[in-house]
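Below is a structure I'd like to ask you about.
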Amino acid sequence: MIWLTWRQFRTQTWITVGALAALGVVLVVTGPSIADAYDAANVAACGTDCGAAISNFLNQVRTGAAGIVYQLASAVVYVVPAVIGVFWGAPLIARELETGTHRLAWNQTVTRTRWLATKLAVIGAGTALAVGLLSWAVTSWAYHLDDAHGGRILPLTFSTRGIVPVGYALFAFVLGVTMGMLIRRTVAAMAATLAVYSLAVISMQEWIREHLVAASHVTNPLDISSPELLMIGDNDEMTVIGSHSLSDAWVLSNQTITHTGQVFTGPADPQYCGPEAAVRACDQWVNSLGLRQDLVYHPADHFWPLQLAETGIFIAIALLLAGFCFWWTRRHLT
Amino acid sequence: MIEFHLDGRSGVAPYMQLIQQVRQAMRLGLLAEGDQLPTVKDVVSKVAINPNTVLKAYRELEYEGLVAARPGVGTFVTRTLTDESLAAHGPLREELIAWLARARAAGLTAESIEALFVSTFRARIEESA
Amino acid sequence: MSRPVLQAEGLSKRYGRRLALSDCTLAIPAGRVVGLVGPNGAGKTTLLHIAVGLLPPTAGSIEVLGGHPASGAAQLAKVGFVAQDAPIYAGLSVADHLRFGAHMNPGWDQRLADERIGRLGLDPSQKAGKLSGGQRAQLALTLAIAKLPDLLILDEPIASLDPLARREFLQGLMAYIAEHDASVILSSHLVSDLERVCDYLVVLVASRVRVSGEVDDLLTNHHRLTGARRDLANLPTGTEVIEESHIDRQSTLTVRSTSPIDDRSFTVEQLTLEDLVLAYLSQQTTHPQPVLETTP
């Protein structure tokens, strides 16, 4: 059965190896230019005021190939799990059901359970290995660039680094197998897999991830010397958002609150903030109000706890789906 | 060696047809004493029929004393059905061929020839019986 | 008396409200070539799928070669199966299929498989997807045969083949069972396909077994009676009417009786197997009850 699984999967294996090798070459070739730019901008020794050094570093990188590769590599890691689910997972069982070859396989001296288990295990292992390698390579390669761009914990970057892509890929794969088994038509299963996978991943990114680990909550006195946003709308309603010094953090919410804990909405005093007022008068007036900045965020050191939690969830779902597949194959499939 | 053929529309059971063909071949001298009949596998490889049919035919022939089965070797003819009249077969066949040519030349169709022959044959056989 | 190769008692299969098999009882003896005949939709594929363990029955019991169909590797090794349309892996070559068989079956006879492929003139390196219909069927049969099963089950194996391919398929199948002691169950919707090779017949119509038995016995026990039009109550006892047709002053009956028919007012004729099956096919509309099988 292992021989058969390998034989049916031979072409995909070679394509994957080729693609990984090609990407590997690209990363190896462009890696040194990043290190060089990093050293040249002296980012390591920049201490607390790194703005200029980082700028220089990034500009240097953008002039070379590494800038494009950075975007490309992240895109690849983002897309690969979906591709695996759609092209490896969905056809795995669906194609056999469509062509009737499952009736050929199930009459050989191998039980249905072993048939399914071998397919899932062999290709699942291949998936984990390939995506693991891919993610490790890109995460290592992009280390300095991620830092310079504000940290790996930011949503889109997070999804393409560390072990999370492996969790996504395994989930997508088993999801594809499940859809294929239930729908019994390859193309329809591929579409369904893509739809459900996208929904799951987007839900996780947008709504669920931030709750996986308890976020940090801090309240500082508002320093309005350089606000991130100061806006006066209709009826003198104000929106004030201060800047913060949390580097490499994923900020979930940044609000300006009064001493009662309510969000500050003004009203703006026309004497300081009206059209007749002096240039910095509004800022200074806001400063004098004793407002505070309320920050909810995940600091950089939440990266690995979040990665583990999210990967764990997707792997757990994958295992549940796999269990369902075994049950369905034994009881319901003909 | 004899080669069998089956007529699905003759109304005669397949195993009977095989038996008849063996007897026929023996009468015509195509199968002589000591000749081997084709193996069951050989027969069914050419004529797609149930092996049991062939076995049944061979068993019947053995019961009639015409053949004998030697286990592990094959089935062999044990008698001759030809008699002294075999020598006459040759010239008689020639005459038959000539007669057929004349019938054809006279404009008889195949069905007419067959009907003429069969009715005359039957009448004569009954007379001489 | 060896044990039956397939024994079913009250076997039924229901899909939602549709009954694919109703109350089928069979005792098929070993060493036969069995023809399973019936129109499309009669339940032949369902019965065969249950026999090879692809489907569980809804009611009743079935035993194949003394074991339960879905019971595991040992049972699977004893039964060779070719599903309808002979599914094979289009992307794998002929040789790959043999390797597949060798890997998956402990009882695999590689020499037999190679010899058959050679005799059939198949190119081992050819992708199976490029084979003709007849060649596919032969490849699928080779896969089923080379694990040396005690029972071969073939679902409409020659339905979509041209006459030459049909002949070659049956030749190959008969050659195999001539050398190896195996039973075969073949299904078809045309009895003419199977007449030459079957010595046991099962007629399945509208989910029920109508008649089953040795072909010789069936042909001995069934006759066509033609005579003056009459009331059917006057037939000799032990005679069962399978099909009747009355035109003007003549009645034509297809009957089954275990004793010889002495009634001189009838002309008694032999039936062909096709006539017999057709009579049972027409029975479905008039007598929906199943008929008892002949003694095995």
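By written order: A, B and C. Residues from 1 in each chain.
The rule we apply is simple: a residue touches a chain if its C-beta (ideal position, glycine included) is under 8 Å from a C-beta of that chain, and two chains touch if they have at least 3 such contacts.
In this text the structure is predicted, and so the values were computed from the model without any measurement.
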Innermost chain, taking as reference the mean of every protein Cα atom displayed: C
Far-end chain from chain B, centres as C-alpha averages: A
Rounded Å distance, chain B centre to chain C centre (Cα mean): 33
Geometric centre distance via CA averages, chain C-chain A, whole Å: 58
Inter-centroid spacing, chain B versus chain A (mean Cα positions, whole Å): 85
Where chain A touches two or more other chains at once, by residue number: none
Residues of chain C that touch chain B when the two form their complex: 31-33, 167, 170-175, 177-179, 195-199, 270
In the complex, chain A residues that touch chain C: 1, 3-4, 7-8, 99-101, 103-111, 334
Residue numbers on chain C that touch chain A, as the complex places them: 49, 52-55, 72-73, 76-77, 79-81, 83-85, 87-92, 96, 99-101, 103-107, 140, 143-144, 147
In the complex with chain C, residue positions of chain B that touch it: 6, 8, 11, 14, 39-41, 44-54
